[in-house]
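The two complexes that follow have subunit A in common; it is paired with subunit B in the first and with subunit C in the second.
Let's turn to the complex of A and B:
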């Protein structure tokens, strides 16, 4: 418990530091958001008034302090420069969309990655192992913007998959995780509609973590299979399948869990390309399209902070999960 | 697999520049495309029409917005006193049934159409019209929330607006201002519901609390239903619209960032029409039987400005030499996929007052002679500035800059290219830091004044806030365009603008380069849609295929 508490307390200064760095970096970017706002209609008076209204002429530390104060005390991430909408609200909705996509991609990656990894380790240097290796290599080296478009064309034009971009309209859903919530509530039509929309982006997004998990599973399993306890178990007459699934896999899960957790964090922030290609209204496209391209500082800072926070929290969760998987860690 | 998609794949794979061949399999002539599909005599009733466009709206308060993405939504939610008929672009009655102007052009009286209701059920009367203008004019008005850029630009002459009776409104101008009536058709002159504004009371600063920009209430053919930011804006048919209920049940606006995604979604049937397709895809889409490609010359101009305030461009002979050096047709090939037209004047074709000047031909020999005459027999060195952002009128600024640089080199002018970040570029050009720069303009208003006065008049050449980035000070030109502002007779106005364009061609402060076409692609069988040259996308008559 104290370990968990200590870990949580450490994240507070970490997040403050992250916010300072992000704020400073965004501040150093060239370009005046006020000019962006008015474009060719920008004139010095309008720009000056707009800068004053948004407190842009205050010293850097004052602006940072005001921002952090707002976030901590009122959970207020400011308002977008471009459309005056509260960033916090947008972040909440976008995060849920990204979370849904990420969870689906990770689910695909874990199921396929674990399966292929275990089988590859169980039958090393077999044809299956080589095929698995090749797939993993492909998954990690094909750029997602290319693979995404290829999948899109392949599935819709050649296979006739009825893909639609973006998310389904889902009135009456309490959360932003439409796919899971509709399944839970038994809304079959919404579930199917959302499934056909999420399948391709989730598949495209899953390739890299799938490859990583496959390789990691295979390596960790092979490492454990050769150890004394596994050999002993086999010598005692336990079936090979039982040894692999019950004993070896359990020990191999520790590094696999770490890597899966890290992949989850990466996916949350790294879905930018996938989200852009498939018009998925998530956090990544929010940061890039509405933040970076529109020079919208509050959007950019809020978005990056949220990604950083989730990354830190996921790492924390993974650390805490270790002790569940491996009792030795609890005692240590 | 279609060739366009194959090309897209290869290009995506190498991440290279797209240099498509629009005319593959024979020349493709965009001017042969229609600019609209007529409404059906017996349109299909019902259904949802989804419009794919690059970004989401920024706000739905018609008086505050400045971006096209917002305008194309609000014009379907609101009506204006007068409106442009889309084919001939003539002003026709809308919320106003009739109007008259005093002989001196200072007092305008409008009789409102009786019985028009806002979406909230209240009556659209003279008080609502007065409210809609006063909230923009009067800084202390409780509904004066935000900044009103279009009002500042287009209603400066408005001195007073008052309700004569419930069905009559009177506008009084400070001086005769010819574009006034046309400006009343602007999206920003929409009539809004005062009842909706007042429905949640006042805040501590004395402003209305009601979030009008998020929940707009007008009289238009569609009623606002919901807005999921960056996902969709949903409108439904206004059963009680004064022109009758529109054929569609629902109208949805979806942001789809990349042109490829928009086209894919259109092909898959996820959207029924798209805005701004990639020029590379236009020719292949025109051959696709499932789609209908529409095109109309856009009201825009891309130009090369020379800083007339700085030597050597203070000499008219030098400016004329530059104008003679530029091969515009080659620029269109290299940087516009050959889908734009050459611009010879700053007032684009399609705007009343546009002068069809004879096509200019590059003449390097004569240009060199002019340079020698101006005292530069060996040419000179200068800089050509361009901004990082692509704009509809300039999809490839660097490509244009390189072509201009080559043409200038041929007559001995060595122009160093300078690329400037867009938000630094605008103030720099407004200050006049540049010797030469590339810029463009899209029509805000359907009026020659919006191009000739804004971009070339000396009133707009004040360093720091100049829209006239050539800093051209032409007294004769100034006299002509300011007289045109006050001239009420349309025929006489056109003459003044024609003369002004001849003067501008003579003085050559800028080199007009290109006028870009607008493109839209619809699913085949959609009826009742027309490209408006300026001011939004109108879906009142649109119906789905049978």
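Let's turn to the complex of A and C:
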């Protein structure tokens, strides 16, 4: 069996196990969801009917099986307890908003992280190197949501740049990735409006991955620069810049790719907090505002499950990509 | 820790700075009762008053003295983070030792469980656990953050054991017929202590950040508790009024503490693994 096929097959039981964990955790919520929905003086008949309607009287495993079946066959995540709206419809829309935000943050983190990391490694122990190190350390030490708020204050009060939260309305777009689609279609005004709204949350969200990628790039580059092939390349008269960018960077990219893939989890987790602060209508704010705060079980299960599934699939994609870059991986 | 390692550790100025920051926060936490100028949960005359001679960092919307809450917050936040890491150590180290030492089906089973837990973004899993536990107390935060750290510890300890297992002194101990438990505790564990110490230090910083995040989502201690995450959450609520004394101090306190643990952790890693420089 090829590595890719084996890797894909392993993902299926993992997804099932993850759904079981999420289902069990939310099921452990103290109190009866029906009692939480109605008040104490509610008509017991109505409570009973509501429980029956939502299938809450069945055993745990039966409910889990029915749920997974619905999700797999019809993308049916049940209906919200609070407003009876199908959770699946909300999830699809919000997943695209989250993907747009996380992709922007990742792009920012990779561009800045690689750039700073390469320069730091090219000029070790320079002032730039120390400043880069300090920024990277700061990046992994700040609470994301606090940094987001500081950036917000900085923008509006000190720079006089009126930041607007939330997403722009974008009728006529085929996908939910407004920023990328508007650029692709040449809608400049929509692109700029969207860019101005996404910039702050993306920047706040990108700090941790940016710091991690910077540190990894610097370390991996320094590791490779000292190796024989790099020294030989220099000795035979190649320019330093060319050795660093052509030879050393290519080899350093392997660990950098791995760590970048792993950062997607940090991004999806960080999105939960960042989206809540910047009112970004993605999965994170959905889980927090409509799930946790409104105590809405189907929203919670669906939201958490979709984020975890996205994370697993991204990791799968990174692994498969990785095995193409580095054939040694396929045997591991 | 040997003499040589201690010397490497404190030769670095950044490590020293990290140790100093951690010591500062630890001392504040221990001496909170003496350092605080007011009772952190006693109403003062003014509400949301800006910093003054009487209230160094002003008062919050309950009329509590912000400086005193910040000082007592060091205790709550540090205790919560350390308790979470201790939880992860107590569960993760034995499981990692067993998985790495015995291998076979027990290793496979444990690693599959680890895979499942690591399939979640950590903040999200901590949130789901806190929701499942009902939220609303420091204990919930400790357990939620602790459980999320466990798989990371299991994996790291297992990797360390796999490496140590091949060393001659372990093989010698086995050949002498020493019982497994004795080899694990007396020979294997001490030689895995370095990576475990590094991971525990770096995890403490992560635990503080995760705990603050949970508080921010309303899953932490009650709104009157003197804890940094709670204070930050309330500062956010008055963001529009630009009452920065409610927003800046708790965030800075968290940042400084986490930075301290990160610097110290990096230094420890350098001291224990010279290749990682």
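Brief remarks on what is shown
Heads up, the rule we're going with is that the second predicted complex is superposed on the first by the 316 of 332 C-alpha atoms of A that agree within 3 Å, B and C clash if a C-alpha of one lies under 4 Å from a C-alpha of the other, contacts with A are read in each partner's own complex, and residues count from 1 in each chain.
In this section, a contact is a pair of C-beta atoms (placed from the backbone, for glycine too) under 8 Å apart; a residue touches a chain by one contact, two chains touch by 3 or more.
Treat the numbers as computed from the prediction; the structure is a model and nothing was measured.
Of the two partner chains, neither subunit B nor subunit C is touched by A:254.
With both structures placed on the common chain, the touch criterion links A:84 to subunit B but leaves subunit C unconnected. Of the two partner chains placed by superposition, subunit B and subunit C are both touched by A:276. By the touch criterion defined above, A:157 reaches both subunit B and subunit C.
Judged by the touch definition given at the top, the superposed model places A:311 against subunit C, while subunit B stays out of reach.
Shared-chain residue A:238: touches no atom of subunit B or subunit C. For the contact definition in use here, the residues of subunit A common to its subunit B contact set and its subunit C contact set are 30, 145-146, 149-150, 152-153, 157, 276-277.
Contact residues on subunit A toward subunit C in their complex (touch as defined above): 14, 17-18, 21-22, 24-26, 28-30, 137-138, 140-146, 149-150, 152-153, 157, 219, 265-266, 268-270, 272-273, 276-277, 287-288, 292-293, 300, 304, 307-308, 311-312, 315.
Per the touch definition, subunit A reaches subunit B in the complex via residues 30-33, 35-36, 38-47, 50, 82-85, 90, 93-94, 145-146, 149-150, 152-153, 156-158, 162-167, 169, 276-279, 281, 285-286, 289-290, 295. Within the complex, the subunit B residues that touch subunit A are 1-2, 5, 8-9, 12-13, 55-59, 66, 147, 149, 153, 213-214, 228-232, 254-258, 260-261, 264-265, 268, 270, 421-424, 426-427, 430, 439, 441, 464-465, 467. Those residues of subunit C lying in contact with subunit A across their complex are 112, 115-117, 119-124, 127-129, 131-134, 205, 209, 212-213, 216-219, 232, 236, 239, 242, 244, 247, 251, 254-255, 258-259, 262-263, 276.
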